[in-house]
Amino acid sequence: MDAAPALGISLRGVTKAFGAQVALDHVDLEIPQGSFLAVMGANGAGKTTLLKTIAGLAVPTAGSVRIAGVEMREAGPRLRALIGVVSHETMLYADLTAAENLRFHARLFGLRHPREAVERAGERLGITPVLDRPVRALSRGTRQRVALARALLHDPAILLLDEPFTGLDEAAAASLTELLEELATPERTLVVTLHDVVRAMAGPRRLVVLSAGRIALDTPIDTGSEAIAETYLGLLREEARR
Amino acid sequence: MSWLGPALAIAGKDLRLETKTRDVVASVGLFVLLVVVTASFAFPTAGAGREGVAAGVLWMAFLFAALLGMGRSMAIEKEDACLEGLLVSPAPREAVFLGKLLTNLGFTFAVEVVILPLFIVLLQLRPGGGLGLLVLDALLGTLGLVTVGTLFAAMAVNTRGREAILPLLVMPVSVPVMVAAVKVAEAGFAGGMGEGTLSWLLLMVGYDALFLLVALATFHHVTEE
Amino acid sequence: METHTLRSTATELATPDTDEAARTRRLWGLLAAISLTVLLAMAFWYAPEDANQGPVQRIFYIHVPSAWIGFLAFAVVFVASIAFLATGARRFDELAASSAEVGVVFTTAVLITGPLWGRPVWGIYWTWDPRLTSFLMLWLIYLSYLVLRGYVPEPIRRARFSAVLGIVGFLDVPIVYLSARWWRSEHPTQFVVEGGDLPPQMLVTMLVGVVAFTFLYLYLLSVRRRVARLRAAAELAEVGR
């Protein structure tokens, strides 16, 4: 066991399958605390299932998911308190205001000072002026900010984002990139699924590519990002041929 | 108690949503009112033995209220993946179930509280001392319908048929609780406890308790992937 | 770590047939064919004619075993559903689904043969007798089970949802029976055929019927499970491409 209770994520032999459908196939993956990991792959390669498995939304058929060394299966609620999730859907009630949505989630997370938590998250994401408007009336980019604020309410040690750039215009995407960079501190672990290789080169420090439920590529992103992009596109082309 | 806080938060959120949209109570209430009025024309609700007919009509109306309300309240969670938002929180799955159960009970009771007196007046029933029994009947019967219904609604919204298949799932298994509830309502309309009424009440208590346990034990299977 | 990949495991699981499975299936089929022939012969020539009801009583040699299988099939659904939720193994889901389909067939047979007998003997096709009512509800619950399966395209969800319904539905049956009894308590059922009053030849024939129908159930179940495996293989071929 590690000396420090590091808030890392550890997947061992994680398989999610049902008969012929194999979403994840014996995935072994260590994501140490402080990682900023991008997960890529074609549609149906298992990206979303991977995130759902870490978030406790999907239960693996075989293998183990450990967070901070604790088995997810055994301590779901306690571990979920450490995680923030942003899905490609907002998880927000369109008829409630942004503030009402956030306060609800603060209560759901059992936060001691829900109002303060909402104010803090609102300021951090620059949505204070729109807090009292119904989510239905907000633009896609603003909704995404509210969704991020929701995921950050409890200041999670682990942040999982599923295709967060989908549907954002360039300005919103740029500020999301900035925000992710700011959130990627040595204490926090970030896992983000992407389908645009250019986004993976702007921020994340490690890239994992899934293909048919298996890890096809696992590489640090430091220098020579063009070479990595080339390898990734090569993998995609190869897959398209099959 | 780690179940109560999140469950109350969920029910409170649904109440807040309802005060804004008035989606459920208005549409369901009106529908159930129409059922009651139409049934009053369609069935012999005057003369001898009308308590039995009235009890049947009343519980068909309550069943519709519960089914529509539950379908709607779960459909809200399905939009924008809100249910996933509940499931990624530290709230235990059981608390999420209880929260939705509270919401569905609340909505159905809200409709029943309006319909029951109206029904008694429209059909010129004279429950007298049976009123307390009718209230108890509504509580126990609705709890049974809504317990099974909340579990099945979480399944139904994830099918191709969406909420539309909820009645197909709920109605067959809720027959015993419907029979019991109708029998007790008949006694209630006739003025109070009759022969066998206690057995029917106990049957409802047993049904409610059994399926509450089953639902708590299996809810995570229908929400997790 | 085992060297073979999950994909190859899936292929093994989805293999249409193994020699052993085929042999077992043929064995059940053979036993069912023989015992059903014996049952027919016994029902018409061995068992005596009922003094009051006449030849129509002989339908009971099909009716009662069908009812037994209907109940057995749904008990299997219940147990397989619990096993599925506990283990997540696909074979339990296949077993539950197959057993439910076969069970619906036998329950349908009960609901058809019952009125055929009831009309000449009671003078009515249908009465809300507790047993009849319970079988009707059983039939409806498992029809809704099959409908639910048809409405969920994703296999995992389909398996989980139908397992939950399989458990709730089976636990509901005794409560349905109880409520149906109390409901009609003012009309006690005097038509009940008690096993104790039967002449021994009738009882033996009935027991042969139960055995024969159990073989038939096992045969149909094994055929239905083979269909499920073939379907899985087809699905795999689809995914593999």
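Brief remarks follow.
Order of writing sets the chain letters: A, B and C. Residues in each chain are counted from 1.
We adopt the following convention: contacts are C-beta pairs under 8 Å (C-beta built on N, C-alpha and C of every residue); 3 or more make two chains touch, one makes a residue touch a chain.
All figures in this text were calculated on a predicted structure; none of them were measured in a lab.
Put simply, the chain closest to the centre of the protein, by Cα centroids, is B. Should one ask which of A-B and A-C has more C-beta pairs in contact, the pair is A-B. At the far end from chain C, in terms of centres built from Cα atoms, lies A.
If each chain is reduced to the centroid of its CA atoms, chain B and chain C end up 32 Å from each other.
Here the CA centre of chain A is 38 Å from the CA centre of chain B.
Spacing of chain A relative to chain C, judged by their CA centroids, is 47 angstrom. In chain C, the residues that reach two or more other chains under the touch definition are 156. Multi-chain contact residues of chain A (touching two or more other chains): 59.
In chain B, the residues touching two or more other chains are 225. Against chain A, in their complex, chain C makes its touches with residues 1, 5-7, 10, 13-14, 88, 90, 155-156, 159, 232-233, 235-236, 238-239.
Within the complex formed with chain A, the residues of chain B that make contact are 2, 5-6, 9-10, 12-13, 16-17, 20-21, 76, 79-82, 84-92, 224-225.
Touching chain B in their complex are the following residues of chain C: 85, 137, 140-141, 143-144, 147-148, 151-153, 156-157, 160-161, 163-165, 167-169, 171-172, 175-176, 178-180, 182-183, 185.
Against chain C, in their complex, chain B makes its touches with residues 148, 151-152, 155, 158-161, 165, 168-169, 172-173, 175-176, 179-180, 183, 196, 199-200, 203, 206-207, 210-211, 214, 218, 221-222, 225. The touching residues of chain A, counted against chain B in their complex, run 49, 52, 55-59, 76-78, 80-81, 83, 85, 87, 89-96, 100, 104-105, 107-110, 150.
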